[in-house]
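After the structure tokens below, expect a handful of questions from me.
Chain lettering (A, B, C and D) follows the sequence in which the chains are written, and residue indices restart at 1 in each chain.
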Amino acid sequence: MTGEALAFYVLAALTLASGLVVVTSPNIVHSAVALVPSFLGVTGLYVLLNAEFLAGIQILIYAGAITVLILFVIMLTEGGTGMRARQRNEQGPIGAAVAAAMAVLLITVATHTAWPRGAGTLPAYTTAAIGRSFLGANILVFEGTSIVLLVSLIGAIIIARKEE
Amino acid sequence: MLLDWGYVAVFAIVGAGMVALPLLIIWLISPRSSYPQKFETYESGVPAIGQAWSQFNVRYYLFSLIFVVFDVEIIYLYPWAVAARSQGALAFYELLVFLVILTLGLVYAWRKGALEWV
Amino acid sequence: MPTLTHYLVLSALLFALGLFAVVTRRNSVAILMGIELMLNAANVNLAAFNRFAAPGELQGQIFALIVITLAACEAAVGLALVLAAYRSLETIYVDEINVMKW
Amino acid sequence: MPWYLELLRAVAGTILIFSGVAVIAAMFGVLLERKISAWIQSRLGPKHVGPQGLLQTLADTLKLLQKENIVPRRADPVIFASAVIVVPLAALLDYVVIPFGTTRAGPLIFRDLNIGVLYFAATSALVVVGILMAGWGSNNKYALLGGLRSAAQMVSYEIPMGLALITVALLAGSLSTVTIVNAQAGLWNIVSQPVAFLIFLVAATAEVNRTPFDLVEAESELVAGYFSEYTGMRFALFQLGEYGEMFAMAAMAVTLFLGGWRGPILPPVLWFVIKLYALIFVFMWVRWTFPRFRIDQLLGFSWKVLIPVALLNLVVTAFFVVVAHR
């Protein structure tokens, strides 16, 4: 087994195991904290896929910002006080069946399709390459993002503030 | 490049071990008592009232919300900053448009009082 | 060496976990966490396709970047909705939020 | 190099950095803090353990090792215990990308990552999660309030810090810390970027929760903030995280703005240490000179002053680098 394969299996196990905790834990704060190792596992996968820049922002945005936002909202609404409330609805078995069916379907597709193998290699320095593409073909992505961010900022402030 | 990150992984794993080491030592040598008051929550010496896990002010959320939006803005600036130098004036105007749109968001939050702590 | 299929299978499992959370959780914050897991699964796919199917360009990674951006916006707006619902209905459990207008 | 030699090198480097930070930043840093505060307040400071009190922190650590390890009955044991690992580890992960000096074989750095500066921002962001875990896991009102305040403050100051990092990256055209130091061969960034330097310094002070931004552990109102309930060695580990983070921030400021290891005559590592301690002295001087901010002033200062100034600074810098340069 090569180092890369070993790293892949370790990271996959980390991602899925903490994902399982996120999904099943009866304590909502435990779920939120378990998101962090799951995101870090995905970060490792990005590194294996030569997507260094994505790995950096995965930590910065997901582990550092979105998790903090989620923890804040938990503390602003129920804190730990709702821990004794039922966390699952009555659809447990059906939901599990649907999720399992979805997994089987996706895995079947993934293993039975002849995926194209592209030629060429990824640029060694992906950050600079992404930056150059923002100044060329993907200029609209760059500028469009700012509008998306502006709209969601305004929307979220309007929704979250108390109506006077 | 993978080697670089292999080093980082080793750093994280060995580092976690080194941080855990003193915890192992105290687990082995530290004294233990069964004096029940020691395990009470500290609230300046009087018995604690209620749980600490309760609701907090929504202001905290507003700040973290604006933070998330600006944090996403910043991740777009990293690749821009690396590539900008060689791309000439277009890069500058692109940045200007990007930042002006986002400054509108900051101004909006400011005017709406989302940046006030009341 | 892990191949494209390895990554696809992993992301399918992660996606199914997220889906399970979305359909069975009562707590709206937990549902949002399930959605984040599903978006992560999609991102792993995008980066994997980029690496194995089209390594000449970075379109897959840029797509993943857009997804991360939208995930952050979704979290900000979605959690603001949770707060608003909590303020007017005093619950964050989706099966108890059953009035359209207050 | 065969893989086991690489592994050995990585493990040795890690152990060296961790023990170095533990001894130099945490142990010696605490002593330095006490000596400087004593000096500013016309006191003597620790004086009895060892020559001039040099061994005071060592004695304190030995004392903490013998202390009881208390987990409050109402705390959440898993989160309470894991926060102790997360905070110092996240702080120490910063050191991966800091170049301490240079030798004939190349720069003295654990690993020169391509995304160095971004990596630094990302690992410092992880500390916030650890602090929220500590605050919530303790189930103590002081701790939770301290943790929430700390998180709100740290996230607010991450934005100006990120903008300052981007300004420097723009000047060097790279995110790698070694390239950034090399780009300062002619002129240190502090000369061309004094505004970014000040923003970074202020944001760094806020990120490590030091006075005047120490609301988080405002001892007169919140006891010890998010680590109120931690005893003995666990308390010491939070101190390690705090001082480790402070030294990392100072080292990053040296790397980004003060030319890193560069300097005439003296060996590079020595230059790095001199600059590092000069900044550490500034941090301590500020701590013992200024009073504490109120929370509204604190958050308002970041959003209404630092961020607009940082954005303006970035635009002006971009104009000079990208347009006027041609």
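Everything that follows uses one rule, which is that a contact is a pair of C-beta atoms (placed from the backbone, for glycine too) under 8 Å apart; a residue touches a chain by one contact, two chains touch by 3 or more.
Every value quoted in this text rests on a predicted model; they were computed, and no experiment measured them.
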Set of chains adjacent to chain A and to chain B: C, D
Between the pairs B-C and A-C, the one where more C-beta pairs touch: A-C
Centre-most chain [mean C-alpha coordinates]: B
Chain centre separation (chain B, chain C; CA means) in Å: 20
Whole-Å separation of chain centres (CA-atom averages), chain A against chain C: 6
Inter-centroid spacing, chain D versus chain A (mean Cα positions, whole Å): 28
Separation of chain B from chain D, taking each centre as the mean of its C-alpha atoms, in whole Å: 14
Sequence positions of chain A contacting 2 or more other chains: 3-4, 48, 50, 52-53, 55-57, 60-61, 64-66, 68-69, 72-73, 75-78, 80, 126-127, 130, 145, 149, 152-153, 156-157, 160, 162
Touching two or more other chains - residue numbers and ranges from chain D: 113-115, 118, 136, 139, 144, 148, 151, 155, 158, 175
Per-residue overlap in chain C, given as positions that touch at least 2 other chains: 65, 68-69, 72-73, 75-76, 79-80, 83
Contacting chain pairs - touch in the sense defined above: A-B, A-C, A-D, B-C, B-D
Touching residues (chain side chain C, partner chain B) in the complex: 65, 68-69, 72-73, 75-76, 79-80, 83
Residues of chain B that touch chain C when the two form their complex: 58, 61, 65, 68-69, 71-72, 75-76
For the chain B and chain D complex, residues of the former touching the latter: 1, 3-8, 10-12, 14-16, 18-20, 22-23, 25-27, 29-33, 38-44, 48, 51-53, 56, 60, 63-64, 66-67, 70-71, 74, 77-78, 81-82, 84-89, 91-92, 95-96, 99, 103, 106, 109-110, 115-118
In the complex with chain C, residue positions of chain A that touch it: 2, 4-5, 8, 12, 15-16, 19-20, 22-23, 28, 31-32, 35, 38-39, 42, 45-46, 48-51, 53-54, 57-58, 61-62, 65-66, 69-70, 73-74, 76-78, 82, 85-89, 91-92, 94-96, 98-100, 102-103, 106-107, 110-111, 115-123, 126, 129-130, 133, 138, 141, 145, 148-149, 152-153, 155-157, 159-160, 162
Residue numbers on chain D that touch chain A, as the complex places them: 3, 76, 78-79, 82, 113-115, 118-119, 121-123, 125-126, 128-129, 132-133, 136, 139, 144, 148, 151, 155, 158, 175
